[in-house]
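You will see two complexes here that share subunit A, one where it goes with subunit B and one where it goes with subunit C.
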Partner chain A sequence: MDIDIGFVAITAVTLACIYGTLAIGVSITWSSLGLINMSYGFTFATSGYGAWLVSEYISSSGPVVILGGILTGALVGVLVCAVAFIPIHDKPNFTVRGLIASLALSLIGTQALLYFFGPQSKTLPPLFGDWELELGEVVLTADKGGAILTSILMLTLALWWMRSSRRGLEIRAMMMNPHAASLVGIGVRRTGFYVMALTGGLAGLASVLLSQTYFVSPFSGVTPLIKGLSVALCGGLGSVGGAMIAAVMIGVNEALTADILGGQYILITQFLLIILVLIIRPRGIAGILDKQREA
Partner chain B sequence: MANLWKNPIANWGVKEEVDNAPTIPWTSPIKPWIETVKAKQKLYKVGRLRYYYKFPGHGARTWHRWRYPFTRRRILNIRGEYNAKSLRREKTILDRRPVYWVLSFLAMLMAPLFMPVSFESTLLNAGAVFFIYAAINLCWTLVIGTAGIFSLASMAIVGAGAYGAAYLSLTHGLPWWSLPMVGSVIGLVFGILIALPATRLEGFYYALLTLGLVELCRVYVIQSRTFGSATGGVYGADSYLPDGISELSELTISYYVCFVVMLVVLFMFRFIQGKRLGRILRMAPEKREAFAEATGVNYRWARIQVFIITSVVLGALGGVYASHFHGASPSLFSMDAVLLGLAMLVIGGIGRSEGAVFGTLVVVIIDKVFIEWGPLRLILIGLIMLLVVLFLKGGVFGIKQQFRAWRNKKKSENRSTRAEKGGEMLPEEATETHDKDQIFMRRFDKMQRDYLKTLVTEEIIEEHKRSPLGQHSEPLERLLTYFRRQPQSDKYAIVAIELYKSYRIIAMSGQRGVPPRVVEDKIYTSETEAYHAVFMRRVQDLLES
Partner chain C sequence: MAFNGGSAVSERREILNINGLSAGWGPMRVIHDLDLVVYAGERIGIVGLNGHGKSTLFSAIAGMTDWQRGSIKLNGKEVGGTRSQGPGRYTHLVVRQGLALMPQGDEIFTGLTVEEHLDSGAFTPAAWRDRKARKEKILEIFPPLRKLMSTPVGRLSGGERRMVSLGRGLMSDASLLLVDEPSLGLAPKIGKGVMKALMEIQLGNSAMIIAEQNMALLEGQVDRVIGMHVGKLKGEASTSLAHESRREV
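Entry: the complex of A and B
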């Protein structure tokens, strides 16, 4: 048995980039708002439809479609924040209720998508043109190369924004200690909107990038949601670095499994890996303790 | 008020009494009274008074209680008491839930008799589905609510049991009665496997992991050839229905079979929730585990026990499912199944058996009876779930408690904002006072003084100056009555230094053996003048208070 190392590496990197984009969104939402955003899949599916609408009615050029997806994602994120975070974030039992509220939202949202767009899946136009890059023996297709480049670019932009801007400072303060952040005058609700818009935008980006694999359909969000959640879980909720490491791990695992064992074993090996990581480190690779989030 | 003051003793023939005395316009005392006794906050008709029917109890019946056979446990929580007024013996059912349960069981038993003929098959089908899902949700609410393990894998265990049982029945020809047993063995294995990470992981890590497991099961089942990737499920499991009966009697039989299944699971729920395990787990709710551990409660082991017991039951339910639906389909593992199940739990209230059953009823009615609505009915369920989560703390059956808590909060807020101090007792003082009559006396006194202040006018003072004694107009009479009624301490009196020549105002000490004190040096030359001076002092004190 010979493993095509170049192909595996490129697939792994592509997957790692996309999963990282998803997982960082989940992770940031959890650590700054204390909300497990189960409607991430809904955001994902809706931004796919947003991008599709943009490509149908406005322009089918790559950047415009990507922008459309990101904007739709951010919009849905704001909507989720307004419905599932703002009314209950100061109520007792918020974590469970927030989880259930976001699940309810995703139920409503996917059924609404089904109602309006029907069950047929839509396809987006090729976003990155049609080119190939040969790196030695390995061929980097436009699809993968574009996905890698765009997601790295957008992630870098988002993280840079979080590091250097005033809003990013607020979000990072909320991630460290929401109670203390509100004491020094950081508005919890306002920051909630920023966070949800940012993470929604990331989900939108991932949705557009993954649209070649998972076609745009009402239920296309489930698998990415599970992947994003499990990568975030594996990396430790609340840690961007951990999420990146986990994304690389999961990506490598997925590419290797697909190459060696076959596609249908991907989820099995993936969960075995995650359970293994969680049994060794119950809070994930770099997870913060729950005690820190309390208050 | 009328400008004429009728003298009540004029008719008695007292000499020099006038029939009436003219008065100036004045406000009636009933107005401030009505204003005072009126509730300051909005009163709600719901839940104002707890109403309990009082059953009579007499003689031997006084102490009679129904008990479960061979135990001392009572079926109904009845309090016996004597009516304080009539001294009759009375009994009150404090917890009426068993009564409601029995009534709803009766309704479920009788329901097939009253179904409209055109909808009968739909309704019977929905009823059977309702019973099966209610049984599943009872187990699930035990895991999430009682054991506090946020597992989303309950439907996955049912699905595993159903798939395993259907597969074995199909390949080995197992009879229908063995399917629940096969299912429970599968459930046990699955439960142990899923419970293992629960010892290490907490809260949401576990929820997300179980969600992942559900997805894993779904993908596996869809892709696996043995489990019917081509046919969309495993079909052809042995059914518990006898051959060769009409469709309607088939539906009726399955309705009652599923009803019995739900009853069995309800008993299981009661035996876990109401006995030792349930007590241990209620001792250790979320965020108070450390306390439970410190008191020697091994809550982890109790949680795992509950989880494994419910997994066995869920697996058995999977067997029943396979037998009922003649097989299993991948939709058992779908995200929508998890979501609908969670909606059922949430609508009724997590951790309550009645909540699980009621929520299932609501969701099944919307989902199975209004099929022609298409995706809209799932949107409706989602909306109900969302609203319940946003506004209710413990689902529909938590409304009562939540309303009471809210009302008590409002009450105490109103009590604490009423800080106006005019001789009245503040809440802290009132709780400290032994004689509670004082609270009301002082409240009434304050109201009365506020009212009397409005009566003091130039005309009244003039009238008193004219004739301090004798019949007065009504406002003046009310003022004087109030002044006379005051307690002895610091009450003004007139002392005659020299009769008809000099008078002086003194104030009583109110204590036996302590002499009165002189209030002022001024000497009044006549009794009338002194009377009026005392009146003026009292009016001044009133206005200053």
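Entry: the complex of A and C
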């Protein structure tokens, strides 16, 4: 059996970038707000439509469409925050209530998308032009190269913002100890909006990038939600580094499985891998979940 | 900076005025109809056994108990009132009104560095602008922190963490400093050092309340000592008086 190592490597890196973007969003939301955001898939799908609307009615140039997707994602994030976080975040048993509220929002939202846009899938124009880069025997196509570059750039920007700005410090403080965060004067609700806008924007970015390979449809958010959640879990909820490592693992696994066994086995090997990781390290790769939420 | 004024306060300005405060956790009522007035420039010790409501009183002032009722006026502005849910929802507003609570068990952010910690203490807009000067002040109070500025706080020892936690509280422009058991869990020598640093802080127009179980650590160093017993304040004495009566027993 011969494996096309170059192709597998590029596919793996592309997928790792996209899944990493999603998983970091899930991870940040969980650790700072304590919310398992089940409407992440809805955010994802809506951003796809937002980008599609932009490409239809405003401009089909790459950066504009990407920006449209990110902005739609951030807007939906703010909506989710207002509906599924603000009213219930300081009520008892918030974790389960938040999960159910965001799931409900996701179901309603998906049906609304179906109602407004119909079941037919939409395609986005190619965002990164039409070029190819030959690296030895490997060919890097425009959509993959663009996806890798854009997601690395945006993730670096987001993480740099969290490292260096005052709002970023607020979010990180809340990720580590929400109780102490309010003691130093950080408003949980306002920070909630920042967090949800940031993670929503990341979902929007992932959506636009993935739509270069798949179609935009009302239900296109389901698989990314599952993958984002499981990658975040595998990396250890609450850890950005862990999510990146897990995203690379899952990406390599997906590319290898598609090449060796065929695409229909991807979910099987993926979840076997995640189960294996969680058996060896029950708290995920970086494993700081319990320590984080103790307070 | 508030604690840098140093001059004696001529008029007795009320910093904190608590009237008929009751508060508790879940079905349990911990604070029973409590009154307390604190004036600017005062350093007050609250002594009492474990579980008699010292920490709950502080939490109630910060709006972090499960429920509470009664009036709490901070700098003349009402921050209390009746509340049956949402612990911590308005805490950040109370903090911006001029409260700094240095909680029991430090409540640090394990992954942030010492410097980021001190920054996070300066979240009131005025404090954020001159945070560099403030950090210098804190380093003068707690010199051992100087060479730890870029170390994550999770790696520090208990005494160093206490310094970080207190330093974070001192960073903001607070007019009321609530310090909950500053010597708890520290070796006696380090505990005394922390206490000494707290006593040396110039209060100026602000006030400080220290909750402590160990009366001996407060003796002769605070303006008043108030006893706390099953959720009520019991008796009040200047420290010299408290000192004498303790010797008589």
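Here is the rule we use: the second predicted complex is superposed on the first by the 290 of 295 C-alpha atoms of A that agree within 3 Å, B and C clash if a C-alpha of one lies under 4 Å from a C-alpha of the other, contacts with A are read in each partner's own complex, and residues count from 1 in each chain.
Methods note: a residue touches a chain if its C-beta (ideal position, glycine included) is under 8 Å from a C-beta of that chain, and two chains touch if they have at least 3 such contacts.
Because the structure is predicted, anything quoted here is derived from the model rather than measured.
Asks: Is A:Leu183 in contact with subunit B, with subunit C, with both, or with neither (first, second, both, neither)?
Replies: Touch status of A:Leu183: second partner only.
Asks: Touching A:Thr223, do we find subunit B (first), subunit C (second), both, or neither?
Replies: first
Asks: Which of the two partners, first being subunit B and second being subunit C, lies in contact with A:Ala173: first, second, both, or neither?
Replies: second
Asks: Look at the residues of subunit A and decide whether subunit B or subunit C touches more of them.
Replies: B
Asks: Quick one: is A:Phe271 in contact with subunit B, with subunit C, with both, or with neither? Answer first, second, both or neither.
Replies: It touches subunit B, and subunit C stays clear.
Asks: Mind working out whether A:Asp90 is in touch with subunit B, subunit C, both or neither, as first, second, both or neither?
Replies: In the superposed model, A:Asp90 contacts subunit C only, not subunit B.
Asks: Please report the subunit A residues shared by its interface with subunit B and its interface with subunit C.
Replies: Shared contact residues on subunit A (touching subunit B in one complex, subunit C in the other): 91.
Asks: Along subunit A, where are the residues that touch subunit B in the complex?
Replies: Residues 36, 41, 83-84, 87-88, 91-93, 95-97, 99-101, 103-108, 111-112, 114-115, 219, 222-223, 226, 229-230, 233, 237, 264, 267-268, 271, 274-275, 278-279, 282-284, 290 of subunit A touch subunit B in their complex.
Asks: Can you check the complex and tell me which residues of subunit C touch subunit A?
Replies: For subunit C paired with subunit A, touching residues are 62, 64, 85-89, 91-93, 95-96, 101, 103, 107-112, 116, 119-121, 123-124, 128, 168, 172.
Asks: Under the touch definition given earlier, write down the residues of subunit B that touch subunit A in their complex.
Replies: For subunit B paired with subunit A, touching residues are 150, 197, 200-205, 207-209, 211-213, 215-216, 219-220, 223-224, 335-336, 339, 342-343, 346, 374-376, 378-379, 381-383, 385-386, 389-390, 393.
Asks: List the residues on subunit A that touch subunit C in their complex, please.
Replies: Touch residues, subunit A against subunit C: 90-91, 166, 169-170, 172-173, 176-177, 179-189, 291, 295.
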